[in-house]
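Shared between the two complexes below is chain A, which pairs with chain B and chain C, respectively.
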Partner chain A sequence: MIIQIAWKNVWRNKTRSLIVILSVAVGVFAGVFAMAAMNSSVVQRIDAAVNEELSHIQVNNREFRSSSDIRDLIQGFNEVDSLMRSLPGVNSTTGRIIIRGIASTSAKSAGVEINGIDVEKEKEMFSLHKKVIPGTGSYFESETKFNSVLIGEKLAKELNIIRYILTPEAVAHLDSLKIPSVVLSKLDPVYGERFTSDKKFNRELEKLLTPNEIKKYSIQIKEAAWSYREGAKLILTFLDKDNNQTGAGFRVCGIFRTNNDMFEGMSVFVPAGELRALTGMEEGTWHRLIARLDNNDLTDELTEPARKAIPSYEVLNWKEIQPDLAMIADFMGQIYGIFMAIILAALAFGIVNTMLMAVLERTKELGMLTAIGMNRKKIFSMIMFESIFLSIVGGFAGMGIAGAVIALTAKNGINLMKYSEGMEAFGYSAHLFPTIDAQFFITTTILIVLTGILSSVYPARKALKLNPIEAIRTE
Partner chain B sequence: MKDFQLAWRNIWRNKRRTLITAASIFFAVFFALVMRSFQLGTYDSMYQNVIESYTGYIQIQHQDYIEEPILDNCFVADPEMIKKVESDPNVADVVPRLESYALAASGSRTQGVMVLGVDPEKEEKLSGMKERLVKFKLTDTAIGSLKLSDIPDRTKRLLDLFRNEAYSSTGRMMLDLGISTEDSADVLPVLRRYASFTNEYLSGSVPEGVLIGSGLSAFLKINVGDTLVLMGQGYHATSAAGNFIVAGIIKLPTPDIDKRIVYMPLETARDLYAAHGLATSAVLSMRDINDKAINATANRLRSLVSLPLAVRTWQEINALLLNQMEADNRSGMIMIGILYLVIAFGVFGTVLMMMAERRREFGMLVSIGMQKRKLAKVVTIEMLLMGLLGVISGIIASLPLVIYGHVRPLRFTGEFARMYEDYGMEPIMPTLLPDTYYLWQTVVVMIIISIAIIFSIRKIFRINVINSLKA
Partner chain C sequence: MKVIEIKDLHKIYSSSDIEVHAVNGVNLDFMEAEFAAIVGPSGSGKTTLLNLLGGLDMPTSGQILIDGTDLSKLKSSALIDFRMRNIGFVFQSYNLIPVLTAKENVEFIMSLQKWIRKDREERSYDLLKSIGLADRYNSRPAKLSGGQQQRVAVARALASRPKFVLADEPTANLDSKAASTLLEIMEKLNHEEKITFIFSTHDPRVMKMAHRVITLEDGKVVSDEKPE
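== the complex of A and B ==
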């Protein structure tokens, strides 16, 4: 009954109520959407870390992570492997050989971490094979008599395997993209010229084009000019199992692109067999055991049992290997709360103001209701419900719009190109696909109802303080 | 003046409404200022960190060095050119450096390091290297003796948390170990007795003496007096190798650099890399470090030096850091934008209601002969006053927090601190003292208020006296 009256009261002054509802809706929408965008960068980072870089649980020799010594192996790998597999929730496992070395081409060299992998198993466990840039090769699929290596785009750029050339095909492609011929003719002087780095090419473009043209077309031009030295070879040098320097030429079989510059620049992948032949490591010996679980939520739960099952080796989950990432993920929850609370606190001012106005305007009516016997509790709850309705209608509208916009943008994402360099250096993607837990909507709803209740206290107290006799007399 | 009086009385006629409107503006201004202050202060401290401990404000480099920072892209440190640069009014000193990479080894451990050949005296003046020498170290023996001494229990407990930590200042150590200023007179002598660390700065007379970062010293397990082997590639692919003695250990605020840095006298580095008379950069120390002054100096220098040399400002040298901060900055600005959007709605709502409520009053005033123009003026003043009330009180309330946060920055501990250090940042979050960003908040609020004013003025000019009197 009280609830119905409150609901009808809300709609007595439509303009006023709608303004408050609108402001709540806008505030909630903006807050939820901004959180979804922020959240997405963390979710995407965790996704990449688990699916491309680390998997869920890793087992190493206790010395290995600090020494990187080729002799710090997992002894009796098969036994450790079957112990790990016997844990319920472990989906699949694989071993890796990990050796520090130097990758060099005739132009340059760089320090790398060479991962000797079991290609078939890794393909099941990691999604890296989907990240091979089209046209640069494949994930160890092509038959070759050479040793083959998969490297990241960042390393390929550092080693001058990727460069920018405006070939006739590239120009033709740009022409088909409807880039004005004025712009293309301005690029005339650099046709066929080779640029070994992103920056050098950018600098040249800046010389030739106007800032406006760069803004519009530089991404397309760069994509077209991006070229890869086919069949490029690089030399990997490292220490073998007796600490003697060794090395060999490897053919680049593919180049992968992720959003993590550090990973792209440091990690190279080689089939384990080739690495064994070069280092003299025995068949079945590995440095690291990597386990993938049925799902990510099992990670914390399974780490302790794994540690107990394999006491003589170091067992770490991805959260322990990258504690900063785990912490940011936990921290996000708190940020949501704080940020929504600030927005709702700002909204509360509007609600208080409106409700106060509503109470003062209805002095006579409230006095009448008291006079004919409506008790104070009922008046209090009537006002409180009015205020809750204002906030919750606005809140649901805001969340509904936010949900719709998130669903819309999640398809194509929001691309913050301009900041990709800085964000990718930290391993975060600049292409955001907004996403948010359903949990967040529940938390927000609770916060909104709380806001409604809190902002009704002051106006409701005002209403209770009215003296019925005086109130009835007011005009 | 009459109008102002009228407006002043009007806004206090309905105190509650005025206060609520002002409070919502106050709230937005206060939060926005504090948020901005922390955000901008953090960037500022990161830039200062990098600039003062490492890159300097302006460098002269070979033009290709910024893209390919390798030894082969170095230049001849020609005394005449240096003299020319030094003659610039804002340049206090020119400090040449020779920078390259090497593999550092001690025992069975190796680590890739940055080797920095510097002029000991000039570098000391530029970046205050001596300040960074480690003065205390909480070694196991030091902690053992300290636990037996009569220092507060709180400090004893904290000792374990900071085992093997090196300190170059007493201030940081006091913070870490929870020593209050009152206790310091009693506790510091004890710490000095047990945990003091002696080392020396670079000197021209001992060419093989080098300084290493405390992180590097911990990783390689070497100490003052031990031998350090460096191997690498010299100028034009000559081979470079040598034995050096650790003369001192420094603690740099950026842990990433601290873990991989070796300082040595410039001439020693030139010998090691077979790069006689060469430098990879010349860092300029500035008299005036204001942004404008630095850009002006850079422009003047650009006309002084000729190819293949190039003048680089700290923004160019730290482009990646700048890009990262910019991305973060945007997200902060979006948050504040949302906050203001919400507040704007609140203000409009209030104004709308006020206009509706005072319809009759306005109608009455106009009917007894008040010009609409004058009425509009009074209402404008009223709203400006309310806005100013909110802005000024917000600014006043934020000041103590901002100033305190600047003098005693928030310092993270535990996991959070480690995360900061992993990203190469000092784990503190200082605020930025009031600057142009204070002005911007005021401008934004004033824009919101002006829109509300325009709206209400339109309403006033549309008043139909008869209708509004009837209401």
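== the complex of A and C ==
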């Protein structure tokens, strides 16, 4: 009966209740959705770091990370490898040769980390092979007598391997994207001209187009004009096992694109065998052992056993290798806390205000209820249920909307192309796929109900303080 | 059988420099199934006496015994419970629960007392029939006239078969026709249910129908008559 009356009381002043419910809903929606979007960027970043760059656990010679010396190898790699594989939860392992060097083309040079890899194993353990930009080649698939190297888009741009040319095909493509012909005609002077760097092409576009047009169309124009010099050659220079400088020419077999500019600019990959031949490293020697686990949640759990199993080497998990990533993941938890606290505080104030109004308006009725024998506990519960109903209806509506919007946007993502340069410089994708786990929904629901209960206390106490005689007399 | 015993009851309201003796040494007994009116001019202490009888206010001195229970000895929560089980209230301005229908209003106290649904429904139907509102059982108070609302209030007060019903000026807001219908119903229910009714009034028509008329002046009982 009390619950029934409380529910009916909520709808006595429909407009007022709906406004509160709506504000609760909007608050909860905004909070949940913003969290989902932020969460997605972190989840995507971590996924990318694990799947493209680091994997879960890495083993190095204790000196290697600081010395980068080609001679700081994992001695007895096979034994270390089998120890690692014997740990339950370890899915697969591979070795890498890692050498610092310089990549240069006729135009430019850049410092790089040369990764000598077991192509087949890496293909199973990492998703980098899926990141090769179509049209730029493949993940070491083409038969060639030359040494081949896989490089990132960022490095390719730096070394002028990628250039910009507005070919007739590029213009036709832009036309099909419904870029206004006014804009296309403005680009007439540069048709067919070759720009060897991003900067130069940007400078030219700035001369020809208005800032607004650049904002709207430059990404599409650059994408269309992007051209890759097929079979480009670059020279990798590094030290061999005797610390003598050596080097060789490599053909770029493919260019990969990730969301991490640093990784794209620094890492190049070559088949281990080619690197061994050039450095004189023996067969079966590696600098790093990389292990992939059954799932990411095992990372913390398995790090210590791995350290115990391989005590003479440095064992690190991805959180330790990139502490910034781990920190951001933790930080997200805190941001969530702060975010929810603000939203729930706003929700609480809204409910306290509404319920206080409702109590003061109903002084006489509450007095009558006490007079005819409704005890304090029941009056308190009635007001409390009213508050809870307001918060639950609003909260669920908000979460429903948030859930629906997250489901919708998770399919196609939210494109923040405008900020891509800034975000990718830090390794974050500009294309967000909002995600949130069930745990988050459950916690939020509980918190909303708790807030409803807490914010009912003050109005309900106010109701209890009413003197039935005074209350009944109030006209 | 005695339902209420009032012994040397005093109620003094005091503010900083004034003391008002609202009830001043009242001694009264009420028997089962009485139909009594408390009358007197404004400020004579009628409402105060009813509030004291209903346990809504505490006397300065004296005793009110209801079936032997001293009201002033009950703690606040026990008192609320006691009211719920023993006393029915009818207020001047109806005071029904606006979100409940007539039937639900009548059932309200029974449900506080945890009557089973079937009994509640039977009882509320019987009462609504007695007050002539069986066809309006599903109407909310806002859809009923003042007189009809007050009849529902009477049915609510009686529903859980309290020891007595207190009605503070129940006809004050009603026109004469509605007032006399209400009184007829009250008298009929008093007769049928054998429940004591005590009501305060200014209304001479109401006084005429009362079986006992207690007149108060300055907080004292000046006459206590049983007109034939």
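Here is the rule we use: the second predicted complex is superposed on the first by the 474 of 475 C-alpha atoms of A that agree within 3 Å, B and C clash if a C-alpha of one lies under 4 Å from a C-alpha of the other, contacts with A are read in each partner's own complex, and residues count from 1 in each chain.
Note that in this section a contact is a pair of C-beta atoms (placed from the backbone, for glycine too) under 8 Å apart; a residue touches a chain by one contact, two chains touch by 3 or more.
Worth saying up front: this structure is predicted, and the values here are computed from it rather than measured.
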State whether A:Glu223 touches chain B only (first), chain C only (second), both chains, or neither.
-> neither
First (chain B), second (chain C), both or neither touched by A:Glu141 | neither
Of the two partners chain B and chain C, more of chain A gets touched by chain B
For A:Glu124, select first, second, both or neither according to whether it touches chain B, chain C, the two together, or no partner.
-> neither
Should A:Met327 be classified as contacting the first partner (chain B), the second (chain C), both, or neither?
-> first
Determine, under the contact definition given at the top, whether A:Glu206 touches first (chain B), second (chain C), both, or neither.
-> neither
Name the contact category of A:Leu416: first (chain B only), second (chain C only), both, or neither.
-> first
Using the superposition on chain A described above, determine whether A:Lys378 touches chain B (first), chain C (second), both, or neither.
-> second
Give one of first, second, both or neither to describe whether A:Asp297 is in contact with chain B, with chain C, with both, or with none.
-> neither
Both chain B and chain C contact which residues of chain A?
-> none
Chain C contact footprint on chain A (complex, rising order) = 1, 5, 8-9, 11-12, 364-365, 368-376, 378, 468-469, 472, 475
In the complex formed with chain A, which residues of chain B make contact?
-> 16-17, 20-21, 23-24, 27-28, 31, 67, 109, 112, 320-327, 330-331, 334-335, 338-339, 341-343, 345-346, 348-350, 352-353, 356-357, 415-416, 418-419, 422-423
Touching residues (chain side chain A, partner chain B) in the complex | 15-16, 19-20, 22-23, 26-27, 30-31, 34, 38, 67, 111, 197, 199-200, 323-324, 327-328, 339, 342-343, 345-347, 349-350, 352-354, 356-357, 416, 418-419, 421-423, 425-426, 430
Residues on chain C engaged by chain A in the complex (per definition of touch) = 51, 54, 56-57, 77, 80-81, 83-85, 87-89, 91, 93, 95, 97-100, 108-109, 111-112, 156-157
